Amino acid sequence: MTGSKIWLLAFVALLLVLPALVAGRISLSIFLFIGLYSLIVIGLTLLGGHAGQVSLGQAAFYGLGAYIAAISSLRWDVSPWLGLPMAALGAAVIAYVMGLPIFFLRGHYLVLGTLGLNIVVDVVIRNVQHLTGGPTGLTGIPPLSFGGILISGDRAYYYLIWALVLVALWCGRNLIRSRVGRALAAIRSSEVAAATLGINPAQYKGLIFATSAAFAGIAGALYVHYLSFVSPSPFAFNFSIDLLVMSVLGGIFYLPGAVLGTAILTTLREALRTIMPGLLGSGASAEYEIILFGLLLAAVVVLMPRGVWPVVARALGLNADPRAADGVPEAAQVTIMEAQAAEGPDPAAGAEPLLRVDGLEKRFGGLLAVHNLAFEVRRGEVYAIIGPNGAGKTTAFNLISGVLRPTRGAVSWRGRPISDLAPYRIAALGVARTFQTPKIFADLSVLENVMVGLHRGLRTGFLGSMLGFGHREEGAARSEAAGYLQMVGLLSRATEPAGGLPFGSLRLLEIARALATKPALLLLDEPASGLSAAERRDLVRLIRQIRQAGVTVLLVEHDVSLVMGVADRVLVLNYGEQIAEGTPATVRADPRVIGAYLGEEQAS
Amino acid sequence: MRRVFMLWIAIAVIAGAPALAQQAIVKVGFVVDVTGGASSLGVPERNTVLLYQDEFGTAQGPAGPVRIQYIITDGESDPTKAFIAAKRLIDEERVAAVVCCTTSPASLAIIETVQAARVPNISLAAAVQIIEPVQQRRWIFKTPQTDRLMIDVITDHMRQRGIRRVAWLGFDDAFGQGGLVEFEKIAPQKQIEIVAKESFARASTDVSTQITRAMGRNPQAFLIWAIPPGANVANRNIRDLGIMLPVYQSHGVANKTFLDLGGATVEGTLLPAGKLLVAEALPDSDKQKPVLLSYLERYEGRYGRGTRNTFGGHALDAMFILKPAIERTLKQGIRPENTGGFRTVLRDQIERGTKELVGITGIFTYTPRDHLGLDRRAAVMIEVRNNNWTAAR
Amino acid sequence: MSLSQQIAQFIASGFVNGTIYALLGLGLVAIHSVTRVVNVAQGEFAAFGALLAASLLAQGFPLWPALAIAVAASAILGGGVHRVAIRPARQASALVLLIITIAVHLALKGILLLLWGTNPYSLPPFSAGPPVRIASAVLIRQSLWVIGITALVLIILYLFFTRTIRGKSLRACAVNPTAARLVGIRVERMGTLAWVIAGALGGLAGVLITPLALATYDMGLILGLKGFVGAVVVGMASYPWTVAACIAFGIVESLGAGLISSNYRDAIAFTALIVVLLWRALSTLRIGLIISEEAAQE
Amino acid sequence: MMLLEVEHLQASYGPVQAVRDVSLTVGENEVVAIIGPNGAGKTTTLSAITGLLPARGEVRFAGHRTTGLSPEDAVGLGISLVPERRQLFATMSVNDNLLLGAYHRFGRESREAITRDLDDVFALFPLLEDRVDDPAGTLSGGMQQMLAIGRGLMARPRLLLMDEPLLGLAPLVIREILKTLRNLQDRGQSLLLVEQNAKAALEIARRAYVMEGGRVALQGETSVLAQDPKVRAAYLGGHVEPAQER
């Protein structure tokens, strides 16, 4: 049995005996509220830590869940047990509908957007008095009952809530380690990279927002049935701040941190409430409590910016990283060649070029980055674009992969215009790319990075992932990903965090990841820059291997020698102008190319 | 890192420590809002308990004096926090009775808890739902006048002045809502038309928008249902806009803060309140007068002249009610260690034994049908004159 | 009162409120542009300044020296917060810095509570006299002080940022911190300076609003939030646009409350805010994903 | 004594150890170039010398050990960097950019001295004077580069480091900048120049270092290096893999 399992069992055992342990000494309600808030914070951790979306509006969903449960059981006589899923679903649906637009916002805008949402919900609850009872609230909400068994009293709710917390932790853990979890982590690292691997960031962000809202909604429903009373003030945005503090305090990247942070914050407050009067006289405490609380919070966050959990985990001899548990993957099974061979001949081959770029232009403010770019890439070739820095090569790549919208001109894929498509749709067509500065998902392992590339080929959905389905699929995916790693020579480092790889390996990893999407066209953006001479030789070998497997390659590079070595055809750019196109030999002989690269004097 | 854990364990031990000490004392738990939005009410409540806890610190039992310990906890103006605080008092301290809470939502939040735990509770909040329906609120009493009683007094005064069109300006919270509900019920009975209903937040810094809107409906008077500082902001905005209509406020402004902040802008403002504010002006025949004067002397002696307010009075009334009830319970031979039995008998004693008890807020007589125990004698109309409380004409 | 009179009144009171928000918003922009911190405790500077001014006045200080001391003390408080709480954690993520300012907000609130209690305090209007009529709106004299002093502060800030090398170096830190270091500007010290300015602006907002709306130890959060709204809508970058956005927010808030429903005052204001944010976000998205991702990394 | 002496410098850029072992010197009134392919560690070397990145090894400037100093201090000592991609204060005016270049001199020297140097820069780049109130970001690439150099000069550096001053510029502009650099050279300004445009760099510098993979691969007089077949191969292609191999 592993250390983590022993500690988990110990934790569950502690939860079980806790009521008996504290009976008559410490009110169980504190532990009950720790559980209740943990439920919400787990959702916030999934959202903030794993998907990178910081919400300051979580109390709104807690409130929505509470009011849905209260109103349905009190006003509409819905069985409280139905109220629980209704609260979860209601909060989730509202979160998804409102979240989709809000997630167009980023950074501070997202924080402000969710905060605004919280305030709007709060105001609406206060004012729809015929339903919500207004600011005074609703009394007499029935307790939960299941087939005649009444859930009432602290113990019953304590066990129910903590059971749900354990379920939520389990679901969260499943989610993190699943295909969906990887996609979310990828989005957090780089939305652009995730999108070019075929992941629709808006959809996933909306879904995880909805999930976190569902957790909060369930907590809200439990709250009202436990108290049998609801009023709007616990759901104001101040509580959203509290929730965020809990999750950061415990460690927003770690699920156990959600419970830990909640426990610390709640017990700290209660402890201060108890200790301070003892030190300073009855009733004279409130002022010091807040000060001390603020100072402690600041100190903890300054000293442990990743939260308390990693520190605790180390003390317990655990590995805090939820992903590190898996062992080294099995040997490779699948390679790029087989995948491509299975695709069969291209029906349009010969008639239509694979990729066609026509009169492409991109303007940033006053700067013309790409000017009247036009070329065609034929199936099966290695086509290279060379030119000095600042010649607009990378911008061209961004236009082709849908990451930027062209100011003018068109990109067509097998004869079909694609310049209006989102990057994840273009990826789905079979276009994969790498980036000039590798956009690696640094928090994922090397293997998982490649598995993100496999994302579109896997089936397990959001709910399935949460419930832990798709083990077999995962196993196969791991082997397959290992195959791609072997191909680029990184298999031995599969379990390492990708962020720790040396620069040259990052480039190779990015190529492996792109290959895992089984592309028809691979765009390589300056793959040789930053590589040592030996690494360049490996790269050339790899590009040839990829070409032999039938994948078309479009290459942007300014290392002329490398391009000359691998390309079938070369396009030479100079300041947004196409000065030559043809085979390496033709281009090399072109006086204009020599002029651009060696200076005019030498050319003459 | 081990040290972090040790610290944590130390905190846990200290936190749990009070629960370990069990003596033959009767504990009474107060949950009042020392911080947060309702702190202008909660602080005088706390101050009063601190002032009187020694005097009310012993109960005469048949086997000699028994100590009454008062435990004060901050409800932080948040129903959930108040709920947890009350829970802890009941479960950990095993108090004989709780006095909770300062505000109506918090008082409502703990109803089921005190009912289920069978602990007598005295609420310091206004809403009538806290004690009604009495059949489902057997364990709950309250000391402040209800909004209904106060609105009754105000509307009578309005009629007397011939005011028929009133603009309502209330907080957008439970306090404001509670007042509006009663006003809407009572106003038609007295042929008063509510021409505008505007609300504003506790933390508002400017209410002139709402006032401007209300003025569009030509009211003859404003009725503001708020507490300071919001109540002052509204009152001041009315005067700043050059509006000279009569301004009525609620009993929520019956404290020194209102006068200090208001200055000239609250001159002439009318409000209903307990007799405490105008105690000196009462006729000597008034039964409450000596009690009021004694409280004032003590409170203002400690916290400064003019600091009188009715909220501390509500808390003191709870102590007035509890101490004799505890003594009667002890006399029945119930030991305080028998927490459950003690609570049950104490509840009965509060309900049956509180008769014509002269308190600060009024004269209390609880019955199984009435857990408010006050009548019209408990409120008078007051007018601010020369920045002081005077009996209104 | 006719509808047009009412609207004039709504706009006037919204304008005054917006001016106060603007002072807080400016402080937030100063802090964020130099130190990349969203300061939740900004409103506490206002509360501190206001409460201190009230106490000084009660101690017998004349009005103007009391105000000046209060604003200066708020400035020192701002710089102190940067030195004590922000600088030691400058390497931390934006989220952790946000949490630190939440902690600072709590600690400061507690200290204010300890020193001043829960009672509200008031300051006298800076000058006595009957309200002034402008068009059909009534403005009390303090409102004119608010607008006038804010305008003066804006002019001073403008001159500081455009005419002095210190002001220019502060802007330089915001525009390009790396380049600023390369020309020898000590960005960390500039960070403290930004916090000092923010503290002063906060304190000023506090003493300006107190004659209108009273000061309490917990007045800060809501004030700061509204300043934040104005600052973020224009991207936490531009001083003049922050002022415009804050005033616009004040007017929208007031008009929404006046014309639609005062009950939904905040809901209307924040819905309008979300709509503006979305419009901004979508217009960035039209250019492409990379641009918006880079914008998010700022 | 050399003005700048660097021995066994090591530095990392994020996870990449971009500089593994670099030793170089720059003398008074000397122009030295570092050339090499993209990613060879040239920029990191300059960053490490100015203190933008933490470095290990030995850096001495004018006889004082300066390893690990901050860029703010470096400017005060007389090391000024014209960074890669110019790093201008884009929303601020040309004039403000130049004044900020002299930031560390304010309060120490007279306003007149600074104004004099400002006129000097305008004499060097007359085009800038016409746009003196325009935001730096609205200038063309070439003028931005001139402004960046001008800003560097405003610090009155004993040693001016330049990172890719010719990057992304049109040939005509390149000639203009080169002319200025020669001009500076004639005035006795010490220069350490990082450039990918080997041709131009070798032309202007007296000595050069060729970097590859974070190390100095070759060094020497530029006249010698320019004829070196390996240097020619690296910039003309064919060095990595002969094309005929396919």
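First chain written, first letter: the chains are A, B, C and D, and each begins at residue 1.
Following the convention adopted for this analysis, a residue touches a chain if its C-beta (ideal position, glycine included) is under 8 Å from a C-beta of that chain, and two chains touch if they have at least 3 such contacts.
If you're wondering where the values come from, they're calculated on a predicted model, not measured in any experiment.
Distance from chain C peaks, on a Cα-centroid basis, for D. For the pair chain A and chain B, the distance between mean C-alpha positions equals 51 Å. Between the Cα centres of chain B and chain D there is a gap of 75 Å. Distance between chain centres (mean CA atoms), chain A to chain C: 34 Å. Annotation: 40 Å between the Cα-based centres of chain A and chain D. Across the assembly, chain C contributes 113, 263, 265-266 as residues in contact with two or more other chains. Among the residues of chain B, those touching two or more other chains are numbered 34-35, 172.
None of the residues of chain D touches two or more other chains.
Pairwise chain contacts in this structure: A-B, A-C, A-D, B-C, C-D.
On the side of chain B, the complex with chain C involves touching residues 34-37, 39-40, 42-43, 172, 198-201, 203-206, 208-210, 212-213, 215-216, 228-229, 232-233, 240-242, 257, 260-261, 263.
Every residue of chain A that touches chain B in the complex is listed here, in rising order: 24-30, 33, 126-127, 129, 134-137, 139-140, 152-154, 223, 227-229, 231, 233-234, 267-268, 270-271, 273-275, 277-278, 282-283, 285-287, 289-290, 311-312, 314-315. Listed in rising order, the residues of chain D touching chain C in the complex are 50, 52, 70-72, 75-76, 80-81, 83, 87-92, 96, 99-104, 106, 151, 155.
Contact residues of chain A toward chain C in the complex are 48, 54, 101-102, 104-109, 111-113, 115-117, 119-120, 122-124, 126-127, 190-192, 195, 238, 241, 244-245, 248-249, 252, 286-295, 297-298, 301-302, 305, 398, 402-405, 423.
Interface residues of chain C, counted against chain D in their complex, comprise 165, 168-169, 171-172, 175-176, 178-186.
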